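Comments concern the structure below.
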Amino acid sequence: MTEIRVKNACVIDPIRGINGEIMDIAIRDGRIVESVSDRAEVIDAGRCLTLPGGIDSHTHVSGTKVNFGRYMSPEDMRAGRTKRKGKMHVTSGYYVPTTFGNSYRYSAMGYTTLLEGAMAPLEARHTHEEFTATPHQDMLANTLFDGNWAVMDAVREKDVRKTAAVVAWTLKAARGYGIKLTNPGGTEAWGWGEDLTGIQEMVPHFAVTPAEIITTMMRANELLGLPHSVHLHCNNLGKPGNYQTTLDTFDIVPDLNPDRQTLYATHVQFHAYGGGTWKNICSRAEDITRSINSKSQIVIDMGQIMFGRTMTMTADGPMEFNLHCLHNNKWSNHDVELETGSGIIPVTYSKKSAVNCIMWAIGLELALLTKNPWQCLLETDNPNGAPFVKYPEIIGLLMSKRYRDEECATLHAETEKRTSLCALERELDWHDIAVMTRAGQAKALGIVSQGKGHLGIGAEADIAIYPIRTDSVDPAREYRKVVEGFQKTRYTIKRGRVVSRDGEIIVDGANATFWVDAKVPEDLMMENDPEFIKRFEQFYTVRMSNYPVQDVYLPRGRRIETEAFT
Amino acid sequence: MRVILESKVRAKPNLPIEAEAIIPRNFLKGTDLLVYEGNKERTLSELFWIFVEGTAVAPENIEVVLKGDTSRIKRVGEYMDTGSIIIEGDIGMHCGNFMSGGTIEIRGNADSWLGREMRGGTILCRGNASHYCATGYRGEKKGMQGGKVEVSGNTGDFCAEYLAGGTVHIHGSTGDFPGVEMRGGELIIEGDATRPCGNMKNGSCVILGTVHDMLPTFEKTGQQVLPEWKITADVYKGDVANRGKGTLMVACRSLSRQTP
Amino acid sequence: MKFVLNTGRSVPQGAAVEHKGTEVYRTVSSACFLNPVDMMLLGIENGERVRVTTPAGHIVLTACPAEGVTQGECFVTIGPYANHIISSETHGTGMPDFKSQRVDVEPTEEPLKSVGELMEEIGGLRYDSA
Amino acid sequence: MIVRDVICPFCGCLCDDLELETEGGRIVKVQNGCSLAEATFISDTRLPAPIRRTETGWEEISYDEAIRETAEILQDADRPLLYGWSSTHGEAQSIGVHIAERIGAVIDNTSTVCHGPSILAIQEVGHPGCTLGQVKNRADVIIYWGCNPIEAHPRHMSRYTTYATGFFVPDARRERTVIVVDTRRTDTAGIADEFVQVEHGGDYAVLSALRAIVRGKASVIPAKVAGVAKEQLIRIAEICKNAKFGAIFFGLGLTMSRGKYKNVRNAIELTDALNRHTKFVISPLRGHGNVYGSNEVFTWMTGYPFAVDFARGIAFYNPGETTAVDILRRGECDAALIVASDPGANFPRAAAAHLAKIPTVVIDPHVNATTALSRIHIPCTAAGIDAAGTAYRMDGVPIRLKKVIDRGYPDDAEILKKIYDLLNGGMGP
C-alpha cells in the first residue's frame, strides 16, 4: 500500500476544467484518491506547474521500421550515447534513440503514455517486444490497414460489416489499439513502384479509391465502437499543391460520434502545401484551418518540423523514395506482404532552404489558426519532423510572439512572402498547452475512461511536476524559461511511483500495453470464414495459426472490450 | 615543455588501452590523466613512467613523446588541436582521430583508422599504416575533411575511404579499394594499388605505381604530364557507375590484369 | 599446385552440423572438391587424400571431382577442416577471407584427422560423450 | 501426438508449416520439412549434464556449480567476450545484452562471420527490401547472387520465390525469370534461365558494370568484365529494367569474397538504380534461424546490430575492432562466454585457438567443436524444440518458436538470468 501526497501543486487539468489552482493531490496504489493517511510520503510541488502525465498521440518509437532506422545509422547512435548509471541502462541515439533512450527522455519530459504511430500487423510481435523494453510509458499501437487486401476487397463490395469484421480480427491478432491508414491505397500501388495522385484514383487491381477506403473504414470504426477514431496520414504527403487532397479528404468526413472526432488527421503540416513545384511551394494553412474550424468531427496534429538532422520513417513508401531521389542519401524500404509498406531516409532541415523554412512556419500556423486547441495537438511525428526532445521549444514558440519573430529573422527571405506566420499575433497560454500535450490526446485517443489525461478521483496517478512558476513567469517575454522548464520535470510520477526526479530515472519501469478486443457477432468472426482462411494460407508466407501475437508478449496487457453492432 | 611517457610492462599485454586523454593541451594542467585498460579505469601513472622536462604556458609548445610498446594504445591524439606528439614505436588504432591541428609523428607502424575524421593538422607515419587509414566512421557521409596524412610505408585496405578534403600521401603501396567512395581532397599513391577509387564521386587521385584490376566503369579521357611527379599519366573520369566527376591519374604503364 | 580456396554450405554439412563427433560429419567437412582437369594435373583419383597448406597451417583432406568448380579453385564446406588453414585477417571489417584464401595443394598419404584431433592441435581437449 | 504449424529453427527461412509426430517425449517424424529440419528435430543428441575440464579429462558438475563458476569467471575479467546468440530466442539474447552491459564486455553475434558486411553496406546506403510474401506474390524476375539456396536454404525457392504460386504470379515457375550469378556452377545455377559465371573476386566489377549499363553508359564497359561478356551484362540489365517486380537475393558469395561489404553496397546501389525504372528489392539470405533476431535485439537495446563494446560504459561499435574474430585474433579477451554457436568450428584457426588459452564457457544444447576448447559446457534447451521464444525470419518477420517436447533441460534464458543475478550483486561487492 503506497501512499503519496503532492502538496502545493499549481494544477491545470483541462478535462476537469481546472486552470491553475493550488491544491494537493492524494495518491494510493497508483490511483488518485480523495485523501491519504498521514503516513503518506509528501512531495512539496512548491506552487510549480503540475499537469497530468504527457501523452504522445503519434510517435515512432517501437517496431520493425523504427529499429531499421537505428540499425542503419550508427552515426546517429553515437551522437546520443549515455552511460549505465544506477537504474538507467546504456542509451544510444539522438533522433532515433534506443528503447531505453526513448523511455528515459520521455520520462524526463513528463510523458507517461505513447501511441506508436504505425505497426504492421504481420510484425506486431516486434513492436510489442520493444514496448516491453520501453518501461516507463504505457503503450498503444496504431495498426496499419492502408494496403490490407482483405479490407480493400470488403470496401470494394461496399460491405461495412465485413470490413469491421476484418478490422476486429486483425486488431485482436496484432494486439493493436486503433486503425491507421497511411497513404491509403498508395502503399499497395507502391507494391508495383507506383503511387496514387488523389483520393478518387483507383488502386491497381483492387479497384477501390482512397476515398472509399477512408469512408468505409470510418463507418467500420464506429460500428465496432473503437475508443479511438480512424488515424489518417493523407495521400500525397510532401508534394507541393497537396493541400487540395487534404481538403477533399476533410470534406468526406461525416460526424458519426458525439464523444470524440470521427477522423484524426496526423502531421497535417506535411499535407498543407500550395503552389505546384518546389520552386513556388507556399503555405495553405489558412485554407486547412478554415476547414477544421468548421468541422468539429476532425482533430489534427501539427507535424511540426524543427531545424537540424533527423530521420523520416513512415509507411508511405513512395513518398520516401521521392524524397530519396531529391536528397540522394541512404534509403531503406520494407514493404509488408498483403498489408502496407514503409520507407526510411535521413534528412536535414536547414534554415538556408526556403522549402524547409516554409514547412517550419506552416506547422506553427496550423496551431495558431485552429481556434479550438482540442482540435490541433502538438506533435512532430517524432522523429520525422524532429525528435520529441524538441517539444519544449515548440511550446515556447507557440506561447511567445517575440520568440517567433526572433526565429523568423534568421530564416530564408521567402518565408515571409509565402506564409502568414509573421503576421499572427496569437500567443497560446498554459491551459492551451496542457490541452495540446495531454488532455487533447487523451480525449482524441478515447483513453479518458481508462484514467488517462486528467487528475480526477480514480484516474491513474500519472503526474508531471515542472519547475515553472506560472504566477511569476511571463511566457511571452521569458520564453527561455518556458523551454527550459518543460525540458526536465522536477518529478514524473507514473502509476503512483516517482519514476524520474530532475531528469534522472530512479526505478525500473513496469509499463502496460492497451489493446482493443472488439466483440463481433458469431457469423462475422473471420477465423470461421473459409474464404478468408483460404486466401490467408495461400498468399501469406506465415500460417494463420502463427500470425496472432501471444499473450506472453503483453506481460501487463490492458484489454479494452468494445461491444460492436449494438 | 616535453612530456615523455614510457609504457610499463603489463600483466596482460594484449589488453587494449584507450588513451584519448593523451593530447598536448591536457598536460598544461599536469599529468594526472585517466586512461582505460580493457574495461578498467587507470591513471596515466599506472601505465606509464612519466617524465616532464621544462614548462609551458601555451599548449602549442608541448611535445609528448611515447616510448616502449605502445602498439595497443588507441585514440592517442583524439581531438588534438595543437602541439606535437612523437611515437617512437608502433601505435594503436584511431591515432589522431578528429584531429584539427598540431602534428603527430609515428616512427613505427600505425594500426587501423589512423587520422579518422581528421579536420586539420599533420600526421607523419614512417612505417606502415593498417586498414582504413585517413577514413571516416561507419555510416557517416564524410571521412577525413582536412589536414595531411603522410605514410612512408604501405597501407592496408580502404585507405582514404570517403575522403572529403585534405591530402593523403602514401609513399608505398596500398591494399584493395584505396580512395573508395572519395568525394574530395587529394590522394597520392606512389606505389601500387588495387581497384582504386571505387564509386568515386569527386576529388583527385594520382597513382605512380601499377594499378591492379582497374574498375571497368572509369572513362579514359586522355593523358597528362605531371611534372611534379615526373611522369605522364593516363587520365580517367569516374566512377561512371556513380555519376562520379572524380579524376584518377595513373602513370602510363601496362595495366596489370591478373587477379591478386 | 596453387589454388584459391572457396568455402560454403551443403545439405549434408547442415544435416550433420550438430553432431561434429560423428563419422558422417568428418567425411562431409573434410571433402575437397576440385575440377576434374586439376585432379588429373595433380595425378590423383577420387577419394585420395591431399595436403592443403597456407601460411596459417596445413590440413589433410579427401579429394573429390566436381564439374561446377572452375579450374584453379577448390571448394570445401565450411567447418573446422577449412578453418584450420584460413587466415584470421579481416581487413578491418570483422569478416575473415573464407572465400579468397590462397592455398597450395599436394597429394599425400597422411591420414585424415578427426574434429577432436584438430581441436587438440590448437590447445583443446576432446570430450567424447557417451 | 501430432503437432501442427511447427516452426523449424534451423535456417533463416523459419518455415512454419511443419508437422511433427511425437512419442514418449521424443520427436519421431517430421513432415513438410527439408532434410535439415529432419536432422534438427530428430537426431538431437544432447550433452546430458554440465561438464568441467580437469587436468586429465572432464568431470560432470551441477548446474549451480557451473553457473556460479561462470559468474566468477566473467565478474573479474578485464575484457570478456560474449559471442554467439544466433540459434537461441530473443529472451536469452536480451539477458545476454544486460550481462555484457553490466560487466563491461564485448558482445557479438554470428553475423560477424556471416552477413556482418551486409549490415555495414546497409549502414552506408540503406536496404530497399520487403517481406518474402511480396516476392512470392509479385516477382517476375528473381536473381540469386553469390548464394546456393538449394544447399543452404532448401525450401526458399518453393516457399517464397521460383516455385511459389503468387497472387499475381499464378503459374509460378513459368512466369518467373531466374538469374544465378556465382563463381561456381552450383545446383542452383542448374535451374537458372541465365547463369552468369564471374571470375573469383570479380563481383564488384560486374555490379559496377551493370549499374553503368542501367544508367545508359554501356559504352564505357570493356568487352569482358571479370570473365563475363558485355553482351550478357546488357541482356541481364534489359531483363531487370523490363521486370514488373524484381528481387535480388544475395549470400556469402558477396560478403566473404574480396571487398566484403563493398560488394553488397554495390548490389544495393544497383537495386536503387533499377528502382528508377521499375520495382526492385534486395535481401540477404540470412543463415542461422535467429541471427536476424540477435541483430534486432542488440539494436533496440544498444543501438548497434552486432560487435558492441561496453568497456567504456557506453555502447561502442566498430567492426574490425570490436568484432569477435579481431578480438580473439589479437588475444585481447581474457574470458569468453559462447552461447548457441560454434566458433571452434566456424572461426579461423588463430581466433579459435585463443579460446583454449582463456577461461571459456559454452552454453549450448549439443557437444560441438568449441566444447573441446572450453573449461565448462552447460547444456540447455534448444529453441524451437524444447523451448519457446521469438525468432526473426531473414526478412524481419518475427515468429514465435514452439516448445514441442520437454527433455528436462533448463532454458538458456534461465541459466543466463541466474548468471546475471549473481553478477548483479548476488556475489558480494
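Residue numbering begins at 1 within each chain, and the chains themselves are lettered A, B, C and D in the order written.
Keep in mind that, in the parts below, a contact is a pair of C-beta atoms (placed from the backbone, for glycine too) under 8 Å apart; a residue touches a chain by one contact, two chains touch by 3 or more.
Bear in mind the structure is a predicted one, so any value in this text is a computation, not a measurement.
Asks: Closest chain to the overall C-alpha centroid, by per-chain C-alpha centroid: which is it?
Replies: D
Asks: Count the C-beta pairs in contact for A-B and for C-D, then report the pair with the higher count.
Replies: Taking the two pairs in turn, the one with more contacts turns out to be C-D.
Asks: Could you grab the centroid distance between chain A and chain C? Build each centroid from C-alpha atoms only and quote it in angstrom.
Replies: Inter-chain centre distance comes to 56 Å.
Asks: How big is the gap, in whole Å, between where the Cα atoms of chain A centre and where those of chain B centre?
Replies: Result: the chain centres lie 46 Å from each other.
Asks: Counting only Cα atoms for the centres, state how far chain C is from chain D in Å.
Replies: Inter-chain centre distance comes to 22 Å.
Asks: Can you work out the whole-Å distance between the CA centroids of chain B and chain C?
Replies: 38
Asks: By the touch rule stated above, which residues of chain D touch at least two different other chains?
Replies: Chain D, residues with two or more chain partners: 120, 123-124, 200-201, 258, 310, 317, 319-320.
Asks: Quick check: what residues of chain B touch more than one other chain, meaning two or more?
Replies: In chain B, residues 112-113, 131-132, 137-139, 176 touch at least two other chains, as defined above.
Asks: Please list all residues of chain A that touch 2 or more other chains.
Replies: 72-74, 78
Asks: All pairs of touching chains?
Replies: Pairs flagged as touching, ordered by label: A-B, A-D, B-C, B-D, C-D.
Asks: Could you please specify the touching residues of chain A with respect to chain B in the complex?
Replies: 72-76, 78, 329
Asks: Which residues of chain D touch chain B once you look at their complex with the stated criterion?
Replies: For chain D paired with chain B, touching residues are 78-79, 103-105, 120, 123-124, 199-202, 204-205, 208-209, 211-212, 215, 217, 220-222, 225, 258-259, 262, 265-266, 269, 310-312, 317-321, 330-332, 334.
Asks: Sort out for me which residues of chain D touch chain C in the complex.
Replies: Per the touch definition, chain D meets chain C at residues 10-11, 34-36, 38-40, 43-45, 47-48, 51, 53, 57-58, 112-113, 116-117, 120, 148, 150-152, 154, 183-186, 189, 197, 200-201, 252-253, 255-258, 260-261, 287, 307, 319-320, 323-326, 328-329, 342, 344-353, 356-357, 366-369, 371-373, 377.
Asks: Considering only the defined contacts, which chain A positions touch chain D in the complex?
Replies: Residue positions touching the partner: 62, 64, 67-68, 70-74, 77-78, 81-84, 89-93, 98-101, 122-123, 125-126, 129-130, 133, 191-193, 205, 321, 325, 330-338, 344-345, 538-543, 545-546, 550.
Asks: Which residues of chain D touch chain A in their complex?
Replies: Contact set of chain D toward chain A: 4-5, 7, 16-17, 90, 94, 98, 101-102, 119, 122-134, 136-138, 159-160, 165-168, 244-245, 272, 275-276, 278-281, 295-297, 299-305, 310, 313-317, 390, 392, 396-400.
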